[in-house]
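First subunit A sits with subunit B, and in the next complex the same chain sits with subunit C.
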Partner chain A sequence: MQTARRKRFSGARAKENFHSWLIMLPGLALMTFFVWEPLIESIRMSLYKTRNVELVRFIGLDNFISVINKDDFTQALTNTFSYTFWSLLIGFVLPILLALLIGETVRGKSFFRTAVYLPNMLPGLAVIILWSAFFSGEKSGVLNILLGHLNIPPQSYLTRYELVIPIIIVIATWKGAGATALIYMAGMAGVNPELYEAAAIDGAGVTRRIWHILLPAIRKLAGTLLILQIISVFQIMYEPMVLTKGGPDNASLSLMQLMWQYAFGGSMNYGKASAVAVIVTLILLIMTAIYSYFNRRESDWD
Partner chain B sequence: MNRFFRMISLLLALCCLLNAAGVSAIAEEAVDADLTCTITLGNWPADTAPDAEKALFEGYRAEMAKQYPNVTLVPDYYSYTLSNYVPMAKAGTAPSIFQPPFTDPQLLISQHLVGDVTDALSEFGVLDKFSPSYVEMLADENGRIYGLPRDGYVLGMHININLFREAGLMTEDGLPKYPTTLQELAEYGQIIREKTGKAGLVFPASETYGGWLFTNIAWNFGCVGDSALEYQDEDGRWICNFTSPECVAAMEYMRDLRWKYDILNADATTTDWAGAHSLLGTGEAAMNFAADDSVDQPTANKGLAVEDFALIPFPAGPAGRYALAGGTCYMFAPNISADQGKALMAYLKIIGKLPFLDDEIIAGMRADYAAKRDRGAPVLPAISAWSDADYNAAKQAIIEEYSNVDMRLYNDFFDSISEGTIALRSEEPVFAQQLYRELTAVIQRMITREGADVVKALTKAQESFQEYLDDEINDF
Partner chain C sequence: MTSIRRTGVIREYDMHASSVRFGYGLIIFLCILTVIIAVFPLIWVILAGFKDLKEFVSSPAILPRSLDPEPFMTTWNQLGIARNYLNSLISVAGSVVCALIFNGLLGYGIGILKPRGYRIVKRLIMVSMLMPTTISIVPLFMNIQNLNLGNSFVPLWLSYGANAMYVILFIQFFESLPSSIIEASRIDGCNQLQIFFRIVLPLSKPICAVIAIFAVNAAWSDFLLPYLVLRGGELQTVMVRLFVFSTEQTVNADTMMRAVVFSMIPPIILFFIFQKQLTENTVSVGIKG
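Coming up: the complex of A and B.
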């Protein structure tokens, strides 16, 4: 009796599952074809000696060893972490501040919401070209013209080692902060207004309300956005590629750009390019795992 | 009834006669009606291209249909880059014909990514009309040919005469007093910087451009022969040689241009080829290492008047006078058949890229030069990639009809080539792009760090490029 019921149950479940799988099938097929297959192929390619996209012979970890032992890899790795550092320093808090400011604005909230999001609607390359005119070291550079009015002689920006990564991050933040701010605003909108009212009755000012109610409420969202930002910045490529071409002397070369150089920069070494790609993936996996570990522990404590 | 049949028979006979006459007329126009294949043509003008250009290519298509009625042309807007070509060649979807720069043919040939057209060239009688230096660039070690020159160029120097005038660097004849040596280049550049506040020289030191230009400077400092930047040893292994005294001296010269003479543009490390032309054309820099094929960039494209522009030979160095000869070529998909090879040669002949002249080709050339003149680009003598004297002379006569320049501003450049006072060299033989990238990094270090150690930086670059050569050729 029980067996018959179980059979009926599992039959219904299988039918239900069948429909679920059927719905998922196109998505799975696309994922397999466009995500998993290339991923596995690039891991395979990283273990082979290649002639363009042909696999010539299996060489184990030689591509990884060769790539890691080169100075430009060390430089690109350091730069990529530097990008991440500057991005967190400049670009992590700014969207929260923007969201708070716009959230506290009484008049013209829609205008400010649109205004901060506007740079995000511009094509990425157009933004880079726009800012390259701003930071041009020639006399005709916009920033130099502005400084000229203060009797400051023309300066170079994009050819200076110490400035080039912060400048690229400023540009990336200018473009992306508005979109992140909108996500924070949505998160802040979900906070129970009764909490504010209660705090106001208890005599809490704006600062204390933000500190004790708003920020704890968006902490998890901020954590998620933090890891997404790290993943995104770790894959930074087109900004340095267009603005500085990785220079001066590789000072703004990122890991993704190095990968591009191996594959398409004249050498067509897809094996080494794949090795760099696998290394980037591993680093990001480790960072995501660390984040997930702490996040889970925090959830357990909650 | 009989009468009716007689009429029908007569009409049928008439039709047959007319038809036969028509067929024979087509057959007369057709060069090869039996050639049957399909060819895909890269670099076909896009829908947004000027109408005149689209009409020109449609004319080629019509002519091809007339001469080779069974060859189907498939227009393709494909524009070559190394990165987009490789997957297409491997997947068998590359266009039958495409146009890479002269930096890439040897790489593509060595990787078996292009088609052999030796037999087709021979059939059209042009195999022996190649300029020998171009054969070297487009053939493999067995002498098989994989491409044709589209146009050739020689590297020299573009001059913005306005800045020379402003700096007082003019002769009594009203011509710019231009540098003939690299030392003079540094000194004149310094005068221009002091007198005008503008860059004496724009040097695009980004990506691979810096290394590309630097090889020319290095040759003039003596990096040729035994001191070449790369060479093959007795065992046939490729050796990188960036630390020769000649190369070190050339790199020290680069460093001096920035720190001793201060003549370079401010953002040299981010400036690319187009940016360099822009700075010269807009009067932000007085000199630019550039070739005769890009004289329209600072003039027609950036507004510098033709009369304020000059093209001079590459300045000589302490070890001689050398300049790069290069250009763009036509190459072919790896999977083309013999018939496709023949059809492609026929197409190239029709568009005037083989050394033959007929009325239509001459009309096309006239239209091209007239258009150049109208948009304010200098119409200059062409550096031919073919060694056919009659063809070259006929072409030159047409160019002279449309000339819009004071040739005194160009004669030294062209004379240096025709009189052989400058030695032309092709790009470094193997993995030129990677070599340029390594050297660009060194140049960037030299011009951004005042105390940078030349020998140390070149040694590091040499090790890196040697590892690359070992990896890709010596120990492959």
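Coming up: the complex of A and C.
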């Protein structure tokens, strides 16, 4: 009796499981077609000599070797790390500061929040083209017009080797910082105001309250956003593609842009393009692993 | 003094100190400065659109000579953007529907139904969120070509049904729903699909709204995969056209700025309608992720 019931029960359970998987099937099929299979396929393709969409023959690591031995790869790799460095320098602390400032305002808070979020809604491509007019080296470039009011002669910006990556990062930060600031604001709103009151009674000034209460409260969030920022900057591609075409002299060429060039830049070398993609994936995986390692250690201490 | 309570680090009594009052003034100044920096480029590009080519390259003034909308009309007709707007509209509509249905059902399976082995799928989706889709754009494009789906909206629509971030947002929302409601309807004899459409979906309006807004904006702004799939054909969207202009440099600088303005109008409208959801709701959702 008992076993019969259990059997019937487990039969119903199996049916329920089956139906549940059936409900998830369309979504899983799409994930497979658009995300998982292409990821595995790019690993396979990186090991083959390709002609257009055909895999001609297995060549082991030859694609990797030939990609890595080209000068533009070293340049793109260095540039990509340079993008990451500048992005952390310019774009990491700024949203925290913005959140801190806007969080302290009383009147107009929702206006400030709305206004700083606006650039994030604009299409990334349109933003890049719009800013190209700002940094144009012509007399009509907006920055040159503004500097002209201070009697500074027109400069050229995007053709300067040392300026081009910081400029692209400034544009990306202009677009994204406000949205990130709102995430920090939500994190900061989680601090109980009584803590500030208590600290004030103990004689802690505003600066010390920020340093000892507010910032520790968002430390974990900042860690998560840091790694997400690194991962997203590492894939920077269309920004230099549209703004500078990777120039001047490959000074802004990124790894993902190199991948795009191999695949769609005329040569249609999908094998080599996949080799670059696999290298980027590996670097991203290593970074994620390092992050989760430190994250786990930190949770152990808590 | 004020009816609104201070919620930040600075408390009401701090304002008695003149140094804090000065600091607060500085904060307001910096906030206003930030707003100007955030909004100025947008206002500039709209104003620049009123200039013709000669004025655009030669005049150092930010303000155009006249506010006659003529140049916008000319560009609109000359580039035939109406057609691209229609294409974008169709592309966005299908993408939103796919984003809600497919990611929603997958999220429902993982967040509520939890069949045997669902954890593997959940883990896979978590990892996929960190892996960018552009990284595998080459094999994806080959797959689409092999299935003869080039020059069609279908692959673009369906690509929005496979978004790891949307799935995770759905899962987090569904897991926060009280399980008693779902248990009760299960005892009442509803099957899983009935539970989804009668119980879960009506409760999920907030998350559906958030994901719909995200998907509208993402699908409108998207141009890499759309470019590969639609290039050269009749179905090009506004963003694909803009990308082609920017790479081939076939249009003048002033026309380009007007095309940029056209591409920004729908997101700006969306922003003004949904600013409350965008600046409050999404953040509270995003924070958990």
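The definition used in the following text is that the second predicted complex is superposed on the first by the 275 of 302 C-alpha atoms of A that agree within 3 Å, B and C clash if a C-alpha of one lies under 4 Å from a C-alpha of the other, contacts with A are read in each partner's own complex, and residues count from 1 in each chain.
FYI, contacts are C-beta pairs under 8 Å (C-beta built on N, C-alpha and C of every residue); 3 or more make two chains touch, one makes a residue touch a chain.
Just so you know, these numbers come straight off a predicted model, no measurement behind them.
Superposition of the two structures on subunit A leads subunit B and subunit C into a clash.
Touched residues of subunit A, counted separately for subunit B and subunit C, are more numerous for C. Of the two partner chains, subunit C is the only one that A:19 touches; subunit B does not reach it.
Once chain A of one complex is fitted onto chain A of the other, the partner contacts of A:249 are limited to subunit B, with no touch recorded for subunit C. In the superposed model, A:229 makes contact with neither subunit B nor subunit C.
Within the superposed three-chain model, A:84 lies out of touch with both subunit B and subunit C [touch as defined at top]. Shared-chain residue A:71: touches subunit B; no touch with subunit C. When both complexes are overlaid on chain A, the residue A:53 reaches subunit B and subunit C alike.
When the two complexes are overlaid on their common chain A, residue A:137 makes contact with subunit B while staying clear of subunit C.
With both structures placed on the common chain, the touch criterion links A:173 to neither subunit B nor subunit C.
In the superposition on chain A, A:261 contacts subunit B only, with no contact to subunit C.
Once the two complexes are overlaid on chain A, the subunit A residues touched by subunit B in the first and by subunit C in the second are 53, 138-140, 263-264. The touching residues of subunit C, when paired with subunit A in their complex, are 2, 4, 6-11, 13-14, 20, 23-24, 27-28, 30-31, 34-35, 37-39, 41-42, 44-45, 48, 56-62, 101-103, 105-106, 108-110, 113-116, 118, 121, 124-125, 128, 130-143, 145-146, 158-159, 161-162, 164, 167, 191-193, 196, 217, 220-221, 223-224, 228, 239, 242-243, 246-247, 253, 256-257, 260, 263-264, 267-268, 270-271, 275, 278-279, 283-284, 286-287.
Contacts from subunit A toward subunit B in the complex involve residues 49, 51-54, 56, 66, 70-72, 132, 136-141, 154, 156, 158-161, 243-250, 261, 263-269. Every residue of subunit B that touches subunit A in the complex is listed here, in rising order: 81-83, 86-87, 90, 103, 107, 111, 113, 197, 205-208, 265-270, 272, 279, 284, 431-434, 436-437, 440-441, 444-445, 447-449, 460, 464, 467-468, 471-472, 476. On the subunit A side of its complex with subunit C, the touching residues are 16-21, 23-24, 26-28, 30-31, 33-39, 41-42, 45, 53, 98, 100-108, 110-119, 121-126, 128-131, 133-134, 138-140, 142, 145, 148, 174, 178, 182-183, 185-189, 193, 196-197, 200, 206, 209-210, 213-214, 221, 231-232, 235, 237-238, 241-242, 256, 259, 263-264, 270, 273-274, 277, 280-281, 284, 288.
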